[in-house]
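Handing you this structure, nothing more for now.
Chains: A, B, C and D, in written order; residue numbering restarts at 1 for each.
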Amino acid sequence: MPVPSEIARILGTEGDVRVDFIESEALAKNPLGDPSTRAVAVYLPPEYDAQSSRRYPTLYVLHGYTGNVGALISSRPWETNVLQWADQLVRTRRMEPAIVVLVDGFTRLGGSQYVDSVHNGKYATYTVRDVVGHVDANYRTIPTEGGRAVLGKSSGGFGAMHLVLEHPGIFSAFASHSGDSYFRYAHFPAFATVHRMLEAHRFDLRAFVEAFEAKQKRGMPEYTTMEMLAYAAAYSPAGAAAFDIDLPFDRETGEVRNDVFERWLAFDPAERVSSHRSELARLRLRYLDCGRRDEYNLDIGARVVTRRIKDLGLTVRHEEFDDDHRNVGYRYEVSMPALVEVLDKE
Amino acid sequence: MPVPSEIARILGTEGDVRVDFIESEALAKNPLGDPSTRAVAVYLPPEYDAQSSRRYPTLYVLHGYTGNVGALISSRPWETNVLQWADQLVRTRRMEPAIVVLVDGFTRLGGSQYVDSVHNGKYATYTVRDVVGHVDANYRTIPTEGGRAVLGKSSGGFGAMHLVLEHPGIFSAFASHSGDSYFRYAHFPAFATVHRMLEAHRFDLRAFVEAFEAKQKRGMPEYTTMEMLAYAAAYSPAGAAAFDIDLPFDRETGEVRNDVFERWLAFDPAERVSSHRSELARLRLRYLDCGRRDEYNLDIGARVVTRRIKDLGLTVRHEEFDDDHRNVGYRYEVSMPALVEVLDKE
Amino acid sequence: MPVPSEIARILGTEGDVRVDFIESEALAKNPLGDPSTRAVAVYLPPEYDAQSSRRYPTLYVLHGYTGNVGALISSRPWETNVLQWADQLVRTRRMEPAIVVLVDGFTRLGGSQYVDSVHNGKYATYTVRDVVGHVDANYRTIPTEGGRAVLGKSSGGFGAMHLVLEHPGIFSAFASHSGDSYFRYAHFPAFATVHRMLEAHRFDLRAFVEAFEAKQKRGMPEYTTMEMLAYAAAYSPAGAAAFDIDLPFDRETGEVRNDVFERWLAFDPAERVSSHRSELARLRLRYLDCGRRDEYNLDIGARVVTRRIKDLGLTVRHEEFDDDHRNVGYRYEVSMPALVEVLDKE
Amino acid sequence: MPVPSEIARILGTEGDVRVDFIESEALAKNPLGDPSTRAVAVYLPPEYDAQSSRRYPTLYVLHGYTGNVGALISSRPWETNVLQWADQLVRTRRMEPAIVVLVDGFTRLGGSQYVDSVHNGKYATYTVRDVVGHVDANYRTIPTEGGRAVLGKSSGGFGAMHLVLEHPGIFSAFASHSGDSYFRYAHFPAFATVHRMLEAHRFDLRAFVEAFEAKQKRGMPEYTTMEMLAYAAAYSPAGAAAFDIDLPFDRETGEVRNDVFERWLAFDPAERVSSHRSELARLRLRYLDCGRRDEYNLDIGARVVTRRIKDLGLTVRHEEFDDDHRNVGYRYEVSMPALVEVLDKE
């Protein structure tokens, strides 16, 4: 019987947890200067090693904004992280055994939104090609569309929707927990805060970021500003150089710049699903949920996405619950078994 | 020497304070069922009675949302209300003697925005005709455009801008303190909250309002909902019956209804000033200020209004200060002398 | 039929409201320099003038910290102040007609706690002698112990308890709403905040107070500091000169000074009632209530006072409700009829 | 060159990080039922393996309430955990190479306070005997008092002070960051909250804890209640059975029970240091710091401890900084080099 990793012992999982470090070609020499070597955490179900030839369906988990693999596998007393949920579900036979992969989409600005950006690098390509390729090559996955699903929370939920729309054929199901959508309600209200903060830094984005990084503690407006810079870097980059970003508001007054915000909306699942029927139709499960007190109004976003997918004649599993945006990891208890159920098994 | 009113004694003003109750023809039989008898509070400068024939310029003060005349004349230790400011400014000779009038624009929904609405009644007409008429008839005002200015805070600032645009010839100057403008930032972000609240009341607006009124205490989302109903009643009424209001969002999903929101924007000073050059040009002073931490982003609104008025080739006095939306009454210290200065005097 | 006062019209009461200004002998030349002329507001039941010889029982209402008569009679839409409650209760015959008197106990430090203090002046004496004397002399009260009750909220509830313990024979019942008691929980936890604030002002109390007064806006720690200075001025004055006050904590470390805090506890109803059986026994009603989420833990205080009075073999009407410390004026609906019921009537 | 652990790679440390699982004799069959197998994380300086016989001074780090080893080694973008700080300090030569050990003091109630308790088990003994014994036996430490220091934040700071007072001869220096002390300000104010919460559970502690554990999310009062139960389990246990704990307040009224609270104070460093001169005198460094806005008033606590140690004729390094209680890990940058500096080196 193999020795479980230190991480698995700390997490208290019966299944093992491996952390690999891969060299991503897609992220090589990215303009923002983030590392192209990335951690990939892989949870293997308890029986994995004993049944030495069986292959397993695989769930790819995308973290939210400010997250990375280290944060996703972190554990805290009284809390259950995504791998602990997976392990608990498998151990109690509420979910069939599956491999669970944690993907690292962090950037210097706090997150890539898992999109290919001339400013950040190709995070969509990195995910669907480099990470999936590594996992299929090194673990006994079912290495086909039918064997893979993608899910995530917040920006990770956005990423899940983005990847199934942008790269059909990789995943056959997605789950978006409190995923970014309907940017008009989710992001637009933050622009005034960001305008004030950046004005105080004379709109020198590099100066703002360096000041942010140098601080031991930051206030909420600073985090909000960084977050909007990350979205702008993903949705409205200006060029292939760090901080060469178009902002979605006017520098002088702070009012919205519709020409830039339209570029954001081109990535908004709420605006986008209607024109992607074929990509959505090939999926076996379309799952969205959100707390009905979500601070970013993503409950409205999930409703809009759901409504528009249904208008295409497709089904959606859509759930709401009485909670806000934070610490809704317990929803994995619902989504992960549902995803695994529709995936191919051996 | 006349005996000062009890109110003046409680406020500690040297000038007297009268409260008249007028019967407004414009508000008679308004659909919402609010009283057409309204309090008008009138501050008279200390010398008023002694100099028995001199006439004075007049400032009309519009309260904000949830306010009324009773609230405006209320006093609290360590605070200075608008009449106490006026008195202090006159007594210390930082402002020339003026009459100050407090206008009551309250409705069952918390405020009329001082607009004529088929749902609420004619609050613009009531203000410029009934209130101004009463004051000119009963006090020694300078009863011409050159002798009057209008000002207010928050919804009162909006009202000030609305009245000079809608009823040119009544006032020759306005001051808007943290006045509603650029509704895209100011009101739009609240729609999700309102959608959730009204959904919980099955979109029965009367039921929501009656439940609100029956409570001893209400939470912030309940106040926000009432506020948006008040704005909808002013900007997007559906008919002349209580609660016959078009909501600016879709009932099922909560997403914005652009057809309705466009009707709101037709009242938005930020959208509107560009097409009202002549009404603005006749003013002797256009004054806007706002705290740069305004929770409703009205600092951005003030910048947009300022920018667009300047684009018309007109001047604006625009100031920002380091504060949020609440308790900015100390700005009267700046605006009132500036307004009185440009008005006609005897 | 007499014309109602402007104040009554603004409040919308059927009964009239008079505001008298009395010259208090007890407050003459008080060391803190507060005015000895004080407003006394008197609510008269609707029938008062018509039935020209009938005498009425009288309720004396004491405001809380930072309050005064002007604040107590202030009105706000959707809120019901104490006189509006009284009027509503009388009009709907849930309470027998009574006179209601609002007492002004404000000081430069925000409140006197209605105690005689060498530092502040004699606010207990002023209340039971000057205010009660004025009211009995000028209104058709039942001018005996059996015709009077005292009540208040927060510091006003404390004052009510203090006055019945300190001046037996004036009032025959009291009601304390969320009244200060069990100072160990109510005040003690604030000392650290106050220590930090005063250290930043080098323990120059005058400098702190003047800075406080000069500000347009103050933060919570500043209010808390002022509040504790007010309590120290009432409970642990050092001498008859402004700001000559003993603080209940050590200047260097901030730890409690037990010698001073013991002087505070000598005023604490929770510590004090046990030794005042005779003063309590002569009362016809002892009423305490408090929200069970009171931020100052005054629910515990009310329980302790209740327990200790009961241990004396006396009854207490004690109620708890699901609320915090603020805006609990709706409890007047319960207390005022209960008080009037036990008072003598004609 | 040895391969660094996955944990070290995720943390990005140059030095390696090992996680051992030890079987603690002291915790065997503890009444609360917590595991006696505990994780011990050990950071080894970068040069550790290369210089194969050199021995190093050792810092023992104690986590705060709700922490454990898993939480302490968790990493988050833009944050620096204690091992990342140690590594950074060593790499940049601001600290001489040292071994850093993370001790696990978690219990079902959220923390042991590192004291021997008849209710929880012997966490002091476990730390100084089992953990220190394991580390000295398995790593090239300087295995003497002169080679060891102990530090921690919040409850960990308390633990550091407790262990040097209770077990002289193990550590020759301590650092307490925002460590629990002066319980009168730190814990006493929470009793009212806890009383309310437990009353709602009819003072059935087990029922409360089980309800707490079953929830996906908990509010602040629930955490506060759990915290006070943890302290009571450490300071005022009633017997050797789970939940057999004396509460420091009266069940009926909520007022403090002095007999129980005195048992808490017997553990309070502020009350205790004065009688432990010899234990303190043998230390080479006594270090305390705290943010001057600490929500638990531990800044006052640190001042009191400092004052009383100085009164014994001993020196203290005492620092204050402008921050609150949370996320003050950056203070390790100050304390760790200071501790290592006074320890024996080879």
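The criterion applied here is as follows: a residue touches a chain if its C-beta (ideal position, glycine included) is under 8 Å from a C-beta of that chain, and two chains touch if they have at least 3 such contacts.
Keep in mind that this is a model prediction, so the values were computed, not measured.
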Quiz item: Can we say the copies subunit A and subunit D touch using the same residue numbers, with more than half in common, or are the two sides different?
Solution: same
Quiz item: By mean C-alpha coordinates, which chain is most distant from subunit A?
Solution: C
Practice problem: Calculate how many whole Å lie between the centre of subunit A and the centre of subunit D, each centre taken as the average of the chain's C-alpha atoms. | Solution: 35
Quiz prompt | Length of the line joining the C-alpha centres of subunit C and subunit D, rounded to whole Å | solution = 46
Quiz item: Counting in whole Å, what is the centre-to-centre distance of subunit A and subunit C, each centre being its mean C-alpha position?
Solution: 57
Quiz item: Name the touching chain pairs, please: which are they?
Solution: A-B, A-D, B-C, C-D
Self-check item: Residue ranges of subunit D touching subunit C (in the complex, touch as defined)
Solution: 182, 184-185, 188-189, 191-192, 195-196, 252-256, 270, 292-293, 297, 299-300, 303-304, 307
Quiz item: Hey, which residues of subunit A end up touching subunit D in the complex?
Solution: 5-7, 9-11, 18-19, 21, 39, 66-71, 73-78, 106, 110, 212-213, 216-218, 323, 327, 330
